[in-house]
Amino acid sequence: MALGRVGAGRFATSAVAWLAYLIMLAPIGAIVWLSLFDSDIIAIPPPGYSLRSYQSMFASGNFIASFRLSLVVAVGATVISLALGTLASIAIVRGKFPGSDILASVFLAPLAVPGIVLGLAIYIFFFKVGAAIGIRIAGTMTSLILAHVVLTLPWTIRFTSAGLTTIDKNLEDAAMTLGAPPLRTFWHVTFPLMRASLVAAAVFAFLTSYNALEMSLFLVGPGMTTVPIVLLQRVSWNFDPSVAAMATVQVAISAVALIILTRLVGAERIFGGQRSS
Amino acid sequence: MSNDARQAWQLGWLAAPTCIVLLFSFVFPLALIARYSVNEFVPGELMREALTPANYARFFTDDLFQRVFATTLGISLASSFVAVLVGIPTAFALRRFSPRWRSVLITLLLFPLLVVTVVRAAGWVALFNERGALNSFLLALHLTSEPVRFLRTAPALIVAMASSLLPYIVISIDSVLQSVPRELEEAAMVLGAPPHAAFRHVILPLILPGIVTGFVLSFILSMDAYATPLLIGGSAIRMMSPMIYVQVSELQNWPFASAISIVLVVTSLVVSGLITMAATQKKWR
Amino acid sequence: MTCSMIRRTGATLRMGFVAFVTLSGFAFHIGAAAAQQVTVSMVGGTYGDVVEASIVKPLEVAKLKVTSAIEPHPVRLTKLVTERGQPGSYDVVQFPDYFMYQANAYGLLQELDSSRIKAWNGIEPAFRRPYDVPHIFSAAVIVYDPARVSPAPTSFAVFWDPKYKGRVGALDFMFPQWLWMASTQVGNTTNHDFDKGWEKLKALKDAGLQTFPTQEALDSAMKSGEVWLSLNYRARAVQLAKAGMSVKTVVPKEGAWPVSFSFAIPMNAQHKDAAYTFLNAVLAPQAQLAAAEKIYYAPVVAGTKLPPELESLVDFTPDEVKRFVNVDFAYVAKNTPAWQQRWEEQIK
């Protein structure tokens, strides 16, 4: 009797799961659909389908260059953010000091600020500081990466602290009782156990940085541009199927990279925390 | 102080580099925005230095902006709610797969995040359009006789926003679910509890932190949403982030835009704080 | 003279010659380096592509290094404002007319030395301003589907024609143009007093005016036959026609609101000479022609040779240009916030 209800429950959750995946992936399907329009404008329904938007995509030289910059910035920001985030999460998870809870919430704060506001604020501040001390800060690669670090820190801190909390402190204590100094304990005991959450943190940080639009708008220097900016420009001035083609290609490449990464590390462990089995 | 306690205290210093970076790259810039929010705006001139509450007063007394504020809160809460409602069963469904398939499915969830928001929103427009994919589908199946208007309605916006939030929620809940052994449910039912009670009294309290975190995160992200409300909500559903952009780009009213931004940030943080406190205090056991 | 003396003289002369060439080459390089780079900030998309192909590339062939900064207009304006008083990042900036006006009002642009602009006197007077060099122009005209709107409209009054009730579409960001247009219907022939048009606009809204947040949204509506009449740039309409849609444009008797895109030199530009070189390239015949061919905007330089078919589609007759509204940007900037709010509340 109970199993019958369980069966119904199983069916219901499966149905909802299908719905969830449909909702999540529908826009991507739509983008691929748009990219195949045989038309100079996006007007639905299209007169026909063809691959010509993919051909015209390469006419814009910007796209390749933007891809490179987006990648460099995302990787740089992710690495720095991971380092800082891990340190910070050790502090708030393992450390007991007054205000550690408040600090944990403060670390989430960058998410609450709309991208355009944060980008503008950082730009103006960096520029004013740069002007005051005579070095150009705003518009440099450093300022761009720094801004992306701010954007990605909430994610790295969140994932690494989630990973840290699931690691039994006793393991670390045991190691230290056996004579290992704290740093070595961290490197040889904690770090390997955290590896999965570190990868999760890295993935989310990377995606956040890669997608950052408004933040980058203000902080890219002349001659530099990122993928979201190029896509935005095309969407604003003249949204045609080549934009959809660019988006599709970019998703395809990133998807391949993501699949390779998760194959290497084992996605089932990435987001799952610790399983004793 | 014992050695342990002292060490725990000292570990706090590890947060210092992060705090310094955030101070210079986040807190100070935000303070600048707060300073701008009390400046005076004169059309045709840039900001005039002042210490006036006029911008905040305008936001809270003007009908239009009050509606925008309420809409932003409402849509954000609704989208987060829908995402959680759909995300929980999805996370449970994922549990039933073998590790290999689970890894594929989780990777799949991340794909939408690879697409820049503005392009994703454009995809939704193509789906919801009167002549778009969804309507073509409904008409072809004779489920409706004429195209249904989806764009610029709240349900459509909520679905589109929930679609962006689902990956975060599913991953949040899934990671918490990992530490809940599957046998727990069955154990409860063997002891006589009906499935929904087993869920409510045994599983739910264990995964509640994951749900709350996911919900709060979604709420904060929704409050900031720009491209999706702009393209799908359009003129019918106005939210604060697009409004800030209009003030900046069309009207060059920096002080007012700054004031709206501060209100947005403070509201997001306060409401999420309240939700977290309320959820962790409620007696679920 | 002995052989050795001749040889030594020859050697000295050779050394001297080499030294001279090297030194002068060095000097040339320094002098040239200062004039050899320019940083231009402009909007991207197909406009940026056209500028790259028709202006930047020829300049690079002529050994001028052009760095392009692609960003939306509000971002560029913010950067100009923030950098005021400091050495600027940009030598040339591009804006649509209403933004360019703001930038100038804020004191961010240099007044141009017209003697350094070769084609200055050839610029259409309506678009000749002391602080910028125009590139292209178009105007917000009546755009209609000739298959459904007949006879061809001659006046903005067609928007209120009961025959086309509910078939009129407006772009949200064109609220100033719609307001002005409505005010012409109650007899306004000046470039002020647009507020007279609110009642007419409200009446239009009550008769079923649809508003759209983006060009694409309006395009789709026109394509599907939902919207038959609109106010839009001629350039955009030509693009739709080229994509196979049934659209035509007309400049009605009341006139039209022009729009132009231009380039200017910021006050704090670091490479002014190179900036002037760039500005001259903007007015070069090949640049003017390329813009007309690729993005369907009309050339600002009088006498630009366009193929007849293209000319009839994208360009404006002198009579039409005479009917353009002489937009008072100061007036528009001052009233835009109030207009925008009223549009949001009553019309949108």
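First chain written, first letter: the chains are A, B and C, and each begins at residue 1.
We adopt the following convention: contacts are C-beta pairs under 8 Å (C-beta built on N, C-alpha and C of every residue); 3 or more make two chains touch, one makes a residue touch a chain.
Note that the structure is a prediction, hence the values are computed from the model and not measured.
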> By mean C-alpha coordinates, which chain is most distant from subunit A?
Replying inline: C
> Highest contact-pair count belongs to which two chains?
Replying inline: A-B
> Taking each chain's centre as the mean of its CA atoms, how far is subunit A from subunit B in angstrom?
Replying inline: 15
>> Counting only Cα atoms for the centres, state how far subunit B is from subunit C in Å.
In response: 39
>> Can you compute the centre-to-centre distance for subunit A and subunit C, using the mean CA position of each chain? Integer Å is fine.
In response: 37
> Residue numbers in subunit A touching 2 or more other chains?
Replying inline: 42, 44-45, 120, 124, 232, 239
> Out of subunit B, which residues touch more than one other chain, so two or more?
Replying inline: 129, 131, 248
>> Could you pull out the residues of subunit C that touch at least 2 other chains?
In response: 72, 78, 214, 216, 220, 224
> Given the complex with subunit C, which residues does subunit B contribute to the contact?
Replying inline: 43-46, 64, 125, 129-131, 230-231, 234-235, 238, 246, 248-253
> For subunit C, which residues count as touching subunit A in their complex?
Replying inline: 39, 41, 43-49, 52, 67-72, 75, 78-79, 82-83, 86, 89-90, 214-216, 219-220, 222-224, 239-240, 242-245
> Okay, in this complex, where on subunit B does subunit A touch?
Replying inline: 5, 7-15, 17-19, 21-22, 25-26, 28-30, 32-33, 86-87, 89-90, 92-94, 96, 99-100, 102-124, 126-127, 129, 131-133, 136, 159-160, 162-163, 166-167, 170-171, 174-176, 178-179, 189, 194-196, 213, 217, 220-221, 223-224, 226, 240-241, 244-245, 248, 257-258, 261, 264-265, 268-269, 272-273
>> Quick check: in the complex, which residue numbers of subunit C touch subunit B?
In response: 72-74, 77-78, 81, 102, 105-106, 172-173, 211-214, 216-217, 220, 224, 226, 330, 333-337, 340-341, 344-345, 348
> In their complex, what parts of subunit A are in touch with subunit C?
Replying inline: 39-45, 47, 59-62, 120, 123-124, 127-128, 131, 138-139, 217-218, 220-223, 225, 229-230, 232-234, 236-239
